[in-house]
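Order as written gives the chain letters A, B, C and D; numbering starts at 1 within each chain.
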């Protein structure tokens, strides 16, 4: 009873506090005498607190759900709108809470007071919708929140009204997301019409009662719809456009949490509800996952826009999530439930691990980018010395996103690798052919991601500042910096505590794979991570980290002992072969990845254009313009022709409306005659 | 013998013998080329000298530059603790496995690349760029080639892999094993900066990779990094020796078996040294942009090893 | 109300004759290239309609149909043609120089429409139903012909003629099928028609003002 | 009857008052007051209908059932908002017209009220002949309003509107006649043969051949009036040339009234020949309208034409949903009829302000509205949400309720086509909205209308959003009753 009370209090508290944070700025704007704090400080604190409550709710729910719910009847001819957390949504609510709290804590007002208040309100509204996506237990409410989430985040993507880039991003984002949403909505509504109800419970029941063919096609619709949100190839195009345009705290939630809503949707609607995913689901997801991971990593490696690079990296990790989920489905379909559990645990663990790391990255990089006034790596540099606190957080996130131990992304990927190897050894069906490629893709993507993120931190934060604004950058406001630094502890904790924390995913895993015991994922009081029950391999991230640190200290002690004091250290200007060092002598972001671009030229198909502006002698022109770019391959080969053809068709159809009254009358006449003939 | 002692012994062996291997290769090369060459132990003297020296840091360097060398060495040493050198008895095996090993090697690489970018000079960036591009191919190849073994052993635990391969004497005849070994060898050559990928004895700017990374590092920092690089090289060679060709390794850590294992290990390393020396004497270094093809071949071989495993074993 | 035809009305009757005249006058209008002639055809068309209504009124002895018939003759046979005539003369009695369909082609299409209308509506009646019901095919056919007139002619007034013929056709259906609708409805319909024609006249003169002629093909600025 | 008569008389009296020279100067205010009073009466009427079932009067010539009450609510609410807005809008517009082109004061308002009167009569008429007369009257009044400005475009649009709708409405008259014929045979008494409530009760014994034929003509006739493809072609011209408040009212109230006419025929036909026959036609024409409107929405340069095509699309959704016939779909369709009126009128009105501010009706001249005028920008965004059916606008729920109902019916293929059309429309509208709302403000953009003119717009937006979260119980009950009327 106590637990139930606590849960409903947490649920109501987080939802209503977010509602209040959403409405307060607007109300404060309408009431002239309202204190200024009501416009920003108070709603922000409210929202952060709400997210913290959500995090606690997620944690409590992971331990066990009591079925607390929040209902609201909008007057429609259906059941009340219901919000409740269950085991499957718990990890996502937890992630939402953690990232959301940091995101709101780091949300600093900028621009005009009205603009800042509007942004905060949108941010809170977006967070509310996102939370409700995880909590909805009613199909229409789910759709409502899903579209609301897309819409409010699109508004935040467009927050810089003057930016043409923002406008394009908003458009592509909205248009693609809506296609995804249409699939989801179609499937949901169809399901609801079978169930005669919009409640998830009834939907699940109806879903499992459907004949196999119908069940599969619906599950596929859900999958296609949610793949857009997850950013899987070829529906990933919106992601690197939209995520960078939003303010940094919002980007953190977009990449950190919202993308995971796609995973949540797939697990909920294509796995949990029908009882098991469709037959070829695993294979397709696995292949798409590998493709996405590679695409994301490759484009991240060649990207020069700091935030866009992070967004591409999100695609890579989304690919890993899809791969892991697909792997789990394949294994489960082949009866390897134990290994499937390992893969699924990897997916869930990585979802949160990546969410934390990516949110941190966006927060930290966003602050740096804001301080330097540019997102372009070519104009950054030297940030680490000027913004030490933020840069430290950026470094942590960089290492975490590289998938390096002991940070958050490592453990999840380790589990995926284990599942791949064990699944291969177990000789599970198609997996014998797919696993090598999946492993190779995963490894290649990981290595490319390392190159991308080293570039981000190395070119953007280290070295000398390349422009004046970058040189003038200074550390973020204490509150923001403190929030970011505090949040930096989470990716570390999620990595080091992996053995202990992976076991906490038992409840959601049991929902998807009944009988799988996640507690077996950890050994030795939560210090060692093992593939459940299989005991074949083990790692202890905490011990490894401890040893690394201890040996480093030991080396220092050894040096001191040898010299009988602290080793000498002298600060001097960098040496540049005797020339005067110039910031432009540093490797540029473009140059840094030249080798990679050359290696992957056949895939990337870069475009180069050399234009002679001013002729000089026959052999040497005076002035050139050189332009190069890497157009997104999917965009170029798939989307652009599609859009062109739709527009072309529209132009043709437009000829129906020539402006001639006679033609219009003829339509009418033809309709009447046609109807007469038809009605016979 | 207690497990703890074994771990310390093996780690100490790796750490202590690491600088010597380069010296041995150098000596063999000199002999092959009819030169006298440097003493085998010259590397130790260099390290000792550097360790006593003051380090000069660039004024542009971030605070990270002060700790990077220690972290790099720490990572290398951490891996040493669970690498099977003499025995397949897992000591610290619970702490790390193959994936952890590869990841910690990647930690070293990332930290090194970042360090190279600290000073804001051209060479650092160039070396970091090339280093990352090449290892983007080498790392997956390394992982895949060892995965071939891991799948057979149904484990990514290094000791278990070693034991599993050692327990099947005819394993090396299998095509997948040979393919994986070839891939692994290419990776080792690349990762240790050997001809034909890199030339460890030159500082020619157009070609250098590894030396460029540490060009701005001096004094005791350089000593730490050089030692760490030597240990890393030793680790990779030991992986080849004890995972792919584990014969002679002690399954039960009795003193006699350990002695035999020590002999076998040193012998294998010596053979590797000869192979490397001969290779370096008879081949020229590749053009930089031919290297990706070379590494790509390793990647493909490793992939082939994996798939042929699935096809042949059915 | 007795819906059976009274005995005294001969089988080869006035109604059929008038219905034939009704359709023929509509077709005649459709074959005209001169606006004035088309208006005259419309006048005959209306008179035929009035005749049918009057016959029905006499046959059934219902007073309100008689009233409606007289109104039809007055309004449709008198007021509206005169209004249209005045309008046409103001515009110089414009000639339909280049209709979308020439007269022979137009006649062919009209013939097809009539056939369609007859074949589709005759099927509705079995034997023994009111003989007046044969007016329904005529009515539907004339509706289509009226619409065709509007489709094929470029002069604004010609289109108006098409429209009013179409309305006549519907009125014919009302009168012949049901011996007229309730009087209030009939009145309302007639009033609406009158206002409508006045409005159409207003627009025709505005078109002539703004576009210089009554050629409605020039009215194609709004498109897409 | 006590409610019906004042409701019907208010608007004509108001129109006459506007023509009185002494009052003409304050005609705008009169129109607002009259329509607002009508709205209040409509609320009373709705309450009466809810409390005691259909309200009949004038010997059953008038009868207000739940559907009528719903349409009356739509008509009066939107008419009031548009009149209120017109008070600010029309003076600004007229001040820019040439002196000799101006109509006498009060004329516009009189016509406007005549239009409202026609629509109200159409909504409340029980006699199908009366319904026809009302809609024809509304058509004539609106034709004058479409051609209100004396520019060539307006004349052209007015002409096309008048001619096409006259033909359409004539076909509807033929339909009425045919239905009457079949009814007279059954009833034997002509006086009640056009009363819809009577017809529906005896529908089972009507001659199905005539009922079918009647429905075909009604579909072509009232369908042309409501803007169903392919009889829709007058609509973009008329909406783009009519004064903004009139366009807003036409695309909502007149649409609702004409559609009611069609639905009355549909109900009788369904009761006579079975549901499948006429619903199949409605579904096909609904989906066809959606599909036809879609390409035009993608490549459209002019705002009001864009809205016109969007209107066609919404008519398509409505017709489709009601045609599908499952209770959920019909509920969704009727709810959509109700809420889309707020979205569409809001879109028209806010567009009017912006068009005046930007001195252009073309959307490419409208960039940066949100920056130039945050209030107008927000309203424009709200209208856009309503048109594409995104939360929090109520159209989101109504559209998906309709589709949910459709998927549970045999018309699943049509529902899929509808979803496809909706998605493409979304892409098109989002593109246009992005260009208008975002970007740099035009330097010469000024909101010519007083700030008070935003009040009706905010009211519409508030209604649109509020209904997205909460459907008041009485409205829900009214919708439920209206569903019963149609099934």
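We adopt the following convention: a residue touches a chain if its C-beta (ideal position, glycine included) is under 8 Å from a C-beta of that chain, and two chains touch if they have at least 3 such contacts.
Please read all numbers here as calculations on a predicted model, not as lab measurements.
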Chains linked by the largest number of contacting C-beta pairs: A-B
Computed distance of Cα centres, subunit C from subunit A, in Å: 69
Distance between chain centroids, defined by C-alpha means - subunit B, subunit D (Å): 77
Centre distance in Å when subunit A and subunit D are each reduced to the mean of their C-alpha atoms: 43
For subunit A paired with subunit B, centre-to-centre distance based on mean C-alpha positions, whole Å: 35
Shared interface positions of subunit C, touching two or more other chains: 123, 140, 143, 147, 150, 159, 216, 219-222, 224
Two or more partner chains touched - positions in subunit A: 654, 657, 659, 661, 665, 668, 672, 676, 679
Residue numbers of subunit B (touch at least two other chains): none
Which chain pairs touch, all of them: A-B, A-C, A-D, C-D
Residue numbers on subunit D that touch subunit C, as the complex places them: 127, 129-130, 132-133, 136-137, 140, 143-144, 147, 150-153, 155-160, 162-163, 166-167, 170-171, 173-174, 176-178, 180-181, 184-185, 188-191, 193-194, 209-210, 213, 236-237, 240-241, 296, 299-301, 305
Residues on subunit A engaged by subunit B in the complex (per definition of touch): 301, 381-382, 384-385, 388, 391, 395, 399, 402-405, 410, 413-414, 417-418, 421-422, 424-425, 432-433, 435-437, 439-440, 443-444, 446-448, 450-451, 454-455, 457-459, 461-464, 523-524, 528, 536-540, 543-544, 547-556, 559, 562-563, 567-576, 581, 583, 585-587, 591-596, 598-599
Subunit C residues touching subunit D - in the complex, by the definition given at the top: 1, 3, 121, 123-124, 139-140, 143, 147, 150, 156, 159, 163, 166-167, 169-170, 173-174, 177-179, 181-182, 184-185, 188-189, 192, 195-196, 199-200, 203, 206-207, 210-211, 216, 219-222, 224
List of subunit D residues in touch with subunit A within their complex: 159-160, 163-164, 167-168, 171, 212-213, 216-217, 219-220, 224, 230-231, 233-234, 236-237, 281, 292, 294-296, 298-299, 327-328, 331, 368, 370-371, 374, 385, 390-392, 396-397, 400-401, 403-405, 407-408, 416, 419, 422-424, 426-427, 430-431, 434-435, 437-440, 469-473, 475-476, 480
Subunit C residues touching subunit A - in the complex, by the definition given at the top: 100, 113, 116-117, 120, 123, 140, 143-144, 147-148, 150-152, 154, 159, 216-217, 219-224
